[in-house]
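My structure is below; once you've seen it, I'll send some questions.
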C-alpha cells in the first residue's frame, strides 16, 4: 500500500493535518473572535490549510428531501472557539423541531390534535418529561478539548464517540492554560467547588508551573518517540518508543479531539448537567457554546428547555408544606419543617426570603 | 384548545388519518407491487389521501451542506410493502459511507492514510469488527407491523422508538393473515422452527380460524369502546370502556406502527440477526426490505456487511483443528474431534463434506 | 438427547411446570392473600408442585462474605400476587444501602467524610440527583404479567430480560380479567386516562365479552397447534401449526412471564413512572408490589426516594415567580403569569390555593 | 457537621486512607506475589491498615438464600496485583452458572429440556451467541489503574462506574512505570502495535524521563495545591489552587481507582477485546487477572468462552470457498481467491499453511 496522494477534502483530512503542523507557540492566526457575556475568549488558531478545508465543506450545496434547520445550516462545519485552543464544530444533524412533533403525533395519534400548535405540544412534552419524541433528532459534533475535560464528558454513556487515538498517532503540542480570571482557590465551603480568585505573584507562579511542566513533558514525549512534532527524527541511531507507551508522559491538560454524536434528549441531559453552575468551568465553556447550536437547531425546544429544565426548581414534599404554611399564614419554622439546614436555606434563597436563612 | 383545522402535510398527519379510514376489508388499492425471490407479496393499501401526503413529502427540495445519499433520497418516504398490510418507510437519515471513513480517520489520524481507499478502509473496519465508526450514521424508519413481530423487534434495546399508543387512540382494523405458503407445521427437529407446509383443508381451516377470531375480537373491541372503527357511536346511552382496557381484547396479529431510529452499527446487528434463516419468517420479511434500503444508503458498507457478517462462518478452536487435520491428511474422526454431534455436522455441511456428517 | 429425569429444584423447573398444568379454570389454590389499601387482590393459584419448589429454594442456607439485606432475604423467591393471575418474585439481589455509601465514598474520597451518617449521605445523593452510586445495587425479579402490560414495561430499555418464548413453548391458559371496580370508562378530559367506573349490566357484558373471546381464541390456538394445554393431541392425523404462528391468535390479556433484572437507579426510574397516578392501573399494581420489595431491600434509599422523587414538585422559572409574588404580597394574576392554564391550575392545586384555579 | 470518628470497616474507608498515606517511594510491603506465565509481576504495596480492613471484610459470614459461587467467595475482597501499583478486587457478585441455565429455561420453557445438562446448554448458548441469559449474572470490581488505561476501559459503555474524583480529593502519589521487558519500540508494520524491545542505555533513559517527569509534575501539583501528599500545608500565607484545576498538571500514568460493575455478557465482551493479543499490554494485564476471577465465578461459562469466543476464527464467505477448494483438491490460488493480501495471509497462518503465505 502507498500513501494517498490526492484525496477529496473531508474533515478527516482536516484532522490529520493538525498533526505536526500546529504548535502551541505558533497559535497566531485565529479564525473568529468570540465574545460571551463580556468575557473575551482566548484565541484558537487554525492554519490556512484548515480554513480552506472548512470553506470547502461549507461550499457544498446538496439537494435533499429531508427537513433542514436553516439557522444551523449557516454555522455547519464552523469552528466555534472554546477555552484557549479548543473548539466545537457541528458536523451533521438529523431532524428539527417538526420531527419531535411528528414522533409525538405517531405515538398519541388523534390524541395530540387537541394541542393546537407545535410549540404548545413541545412545551407540553418537555414539562411532563416525555422523553422518546426528543430522541428522534440527532446531532454530531467535532470537539477539541483538554483530556481532563474529556474524562468528565465521556461519563455520558448514551452517545457515540470516535476519539483521536494516541496509540496510532502523535498528539498535537497544545495544552490548556487557564486565563488568569479562572485561577480560583479551592472553595472552603464546597469540597468540589472553586472559591476566590488567586491573584498576583501566586497566580503568575501557577501559570508558570503549568506551562513549564507541559512543555517539559511534551519535549520528553518527543525524545521518547525519537521524533519531533513536525515529523523530523531526533536520533538516527535510535528506535522510537511505541506511541501507546510514550503518551503516558503527557499531562491531563493536553488537547485531544473527537467526533461526538448523540440524540436530542441526551444532549439536553448533557447540557442541563454541564451548563449548570456546579459544573467545572472548563466543561461549562463547551456546554455554553453547544447551547447556542441548540438554539439554532431546534428553537422551540430550546425555549421549552430553558423554561422547564434549566430554570426549574424541585421542591420536596416537606418543602411544599413549608411554602403552604407561608401562604396560609401559619409560617412553619425551620425547626418544625423537617428539612435539613442546607435544604431549608436553598429553599429560602430560591423564594427570595433571604432573611429567613439560618446559619 | 380546539381541533386543528389546517396543518402542514407531515407524516404525522399521515398516521392519524389511518385511524377510522382503513378497514381490513377495504384493502383494494395497493400503491406498489413488490416481487422478491419470485414471491408475490400481498397487497398493502393506502388511501388516496395517504398517497397524496407521501407525494407532498417527496416533493420537498431543500438545500443542505450535509452529505446526502443519492439513491436513498430516491425512495425517501415511500411505503415499501411487507406482509399483507405492513410497510417500511425511510423517513430520515444522517451520513453516508464517507461519514464512516471520516470518523475512522479522526480516530486513527495519520495511521489510516496507509489504507488507500475508502472502500478498503470500510472493509477493514468490518472484518476486524471495529464498531464505533459505524455508529456515526443514523437512520429513521416508519414501520407498520403485527404486534407479535413488534414484540420480537423491541428486544433490540439500542434504538429510539415512538409507537402508536392504544391508550390514546383506537387501533386500525388490520390483521396479519399468513399467505398459504407460509402456513408451516411445527418443526420436529427444531423447537423454535417451522417444518413442512400445511396444505389443503387443514390450511383452509387455520386461515378461517385466524380470520374469524380477529374479526370477532375486533368487533367486541368496538362494542366495548361503544364506537365503530369509523368513529360512529354504537349505543348513545352507554359510555365507552377506556381504550387502555379495551385493547386487551385484540389478538397479537393486529397491526401497530412506530417510528424506529437507530445508528448504522445497531442496524447491522439487527439485520444480521433478523435476516438470518433462523429468524421467524414474519420479521425476516421486514429485515429483507430494510437490507434493500441499506444497500441504497451505504453501498460500500452493504458489500462489506454481506461478505464479513452475513456470509461469515465462525469456527471454534476445536473445529479449526479438524480442518487442519483434513488439510494435512491426518483426518481426525468425529470421535476424536472433541466436537458435539451438532457442531460436527454443521462444520461438515459448511465445508461441503456432506458424506462425513453423522447421525 | 433424552429428556432429563432428575434435576435439582431450581426456579427454572418451576417455570416449565407451569406449562400444561395450570388452567385458568383450575385456579383454586392461592398461596397468599394480599391486602393493599383495603383492596382485596384477586387470587393467584400455584400448584402443590410449585409451592414445593418455592419452599425448596427458600430452604437454601448458604454462607457468604457478601453483604446481605435481612428483610429482603425473608421474602426471597416468594410469589407476591398481582392482578388475578400475576405475581412478582424477587429471585436474586446484589448490595444494600451500604453499597451506595461505599461507592459514593470511593468517588468523593475524603470529601464525603463531612456527611456524618450513611442516611444523610443517601438523602444528599437522592436530592441532588447523583446517579452512579445507585447503580451499584442490582435486583432480579421473576414476573408473571399480561402481555399488554409487558409491552409498556419493556420500554424501559436499561434492564436485562429473559421472557418465556411462545416460539418454543405453549403459553399457559391464563388471561387477565379486570375486577369490576377497575372497569372504567374512557376519561372525557384526559385522552389516555380513565373516567367513571362502568357499572351494572354494561360491566357484566364487558366482562362476558373479554372472557368469551379469551376462551375462544385460546381454544382455537389449541386447535391450530393440534394439542390441548395438557399436552394431549387433538387429531392424530393432523400436524400442528408452528407455535410461532399459532400464538398470533391469542389476545393481549394473555399472561406471559419473564426474568427482569435492573440496577437500583433504573428501578427507581421505573417505579417513579409506573407507580405514578398517571400510569395505567394494571402496571401500577406491579409497581406497588415492587415498592414493597424496595423498602425491604434498601430501607434508607426507600425513604429518600419517597421524599425527593415521589413527593417532589417541579416548579418552572415562571411558576417560581408566581409563588414569589404571593409571598411578597404583589399577587400576580393568571393573566400576567405567563403560564398556560393547565400549568397554572396544577400549581394552584399543589399549593392548596384551589380558589385561585380558573376554568 | 463534624468528622466521623468511628465508622464500620468498609472498603470505602479502605479507599480514603490511601490518600496521604502511600507514596510512590514507600511501596515496600506487598501483600501477595503473583506469578503469571513466568512473568514476575511487580509489587503492589498495601499498608498495615489496609490489610486489616480487607481481613475484616473477608471475615464476614452472612447467611443467605441466594446462590453462591464457592471459589469466588474464597478470593472476595482480595487485592490481586496488576502492573506496579494497580490491583483488581472482586467486591460483590450476583448469580453463578446455574443462573444462566435458569434464565434460558425461562425463555425456552420445555424446549430446553432436550439439552441434557447445564454444561451442554451453556455451551450451546455461547456457540450460537445467545446473549440475554448471560446478562442475568452481575459482578463488581474495585480496580486501581493508570489513567491512560482507564481511558481505554471507559469506552465500554454498558457498565456502572464510580471513579475516585480528583475534583473532591487529592490523588495518590503513584505512577505507572513499565518494567524493562515491556519497553517496546513502535512497530514498523502495525500503526498501533509494539515492535522490538528497547534495551540498554536508551531503555534506562526512557525510564529515567518517565520517573523524573512524574515526580516533577506531582511536586508542582502539591505546590499549586499548597499542600503535601501527607496533608501538611506548604506556605501558610497562600491559598491552594482548586483541586479540579491543579489535577490537570498530572501525567497520564498517574493511578486512579474505581468501582466497576457489569453483567456477565458485557464482561465477556470486555475480556474478548482486552485479553486479545492486539490489546495494549497494560490493559491486557488487567484482563488476564479478571479472567482468573471469571474462571472461579462461573467455571462452565469460562470453558465455553475459551472455546467459542477466545479461540474462534471467523471465516468470510470468500475464505470458506478457499478452504473448500483445498479440501476438494482444486486449490484456488491467492490471485483467484478474491481475498486481500492481509486476509489471505491471516487465513493461511490460521490453517498452518505457512508455505502458502505471500509477500
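So that you can tell them apart, the chains are marked A, B, C and D in the order they are listed, and the count of residues begins at 1 in each.
Just so we're on the same page, a contact is a pair of C-beta atoms (placed from the backbone, for glycine too) under 8 Å apart; a residue touches a chain by one contact, two chains touch by 3 or more.
As the structure is a computational prediction, the values presented were derived from the model and not from experiment.
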Tell me which has more C-beta contacts between its two chains, A-D or A-B. A-B
B-C, A-C or C-D - pair sharing over half of the B-D contact pairs: A-C
What is the distance in Å between the mean C-alpha positions of chain A and chain B? 36
Let me have the rounded angstrom distance from the C-alpha centre of chain A over to the C-alpha centre of chain D, please. 29
Where chain C touches two or more other chains at once, by residue number: 108, 111, 114, 161, 165, 168, 191-192
The answer for chain B against chain A in the complex is residues 1-4, 10-13, 15-16, 19, 57-58, 60-68, 73, 76-77, 92-95, 98-99, 101-116, 132-133, 135-136, 138, 140, 142, 160-165, 168-169, 257-259, 261, 263
Within the complex, chain A is touched by chain C residues 108, 111, 114, 120, 123, 127, 191-192, 306-308, 310-318, 320, 323-324, 326-328, 340, 343, 350-353
Considering the complex alone, what residue numbers of chain A touch chain D? 146-148, 151, 154-155, 157-158, 161, 165, 167-168, 176, 178, 182-187, 191-196, 198, 202, 206, 209-210, 212-213, 216-217, 220, 223-225, 238-245, 247-253, 280
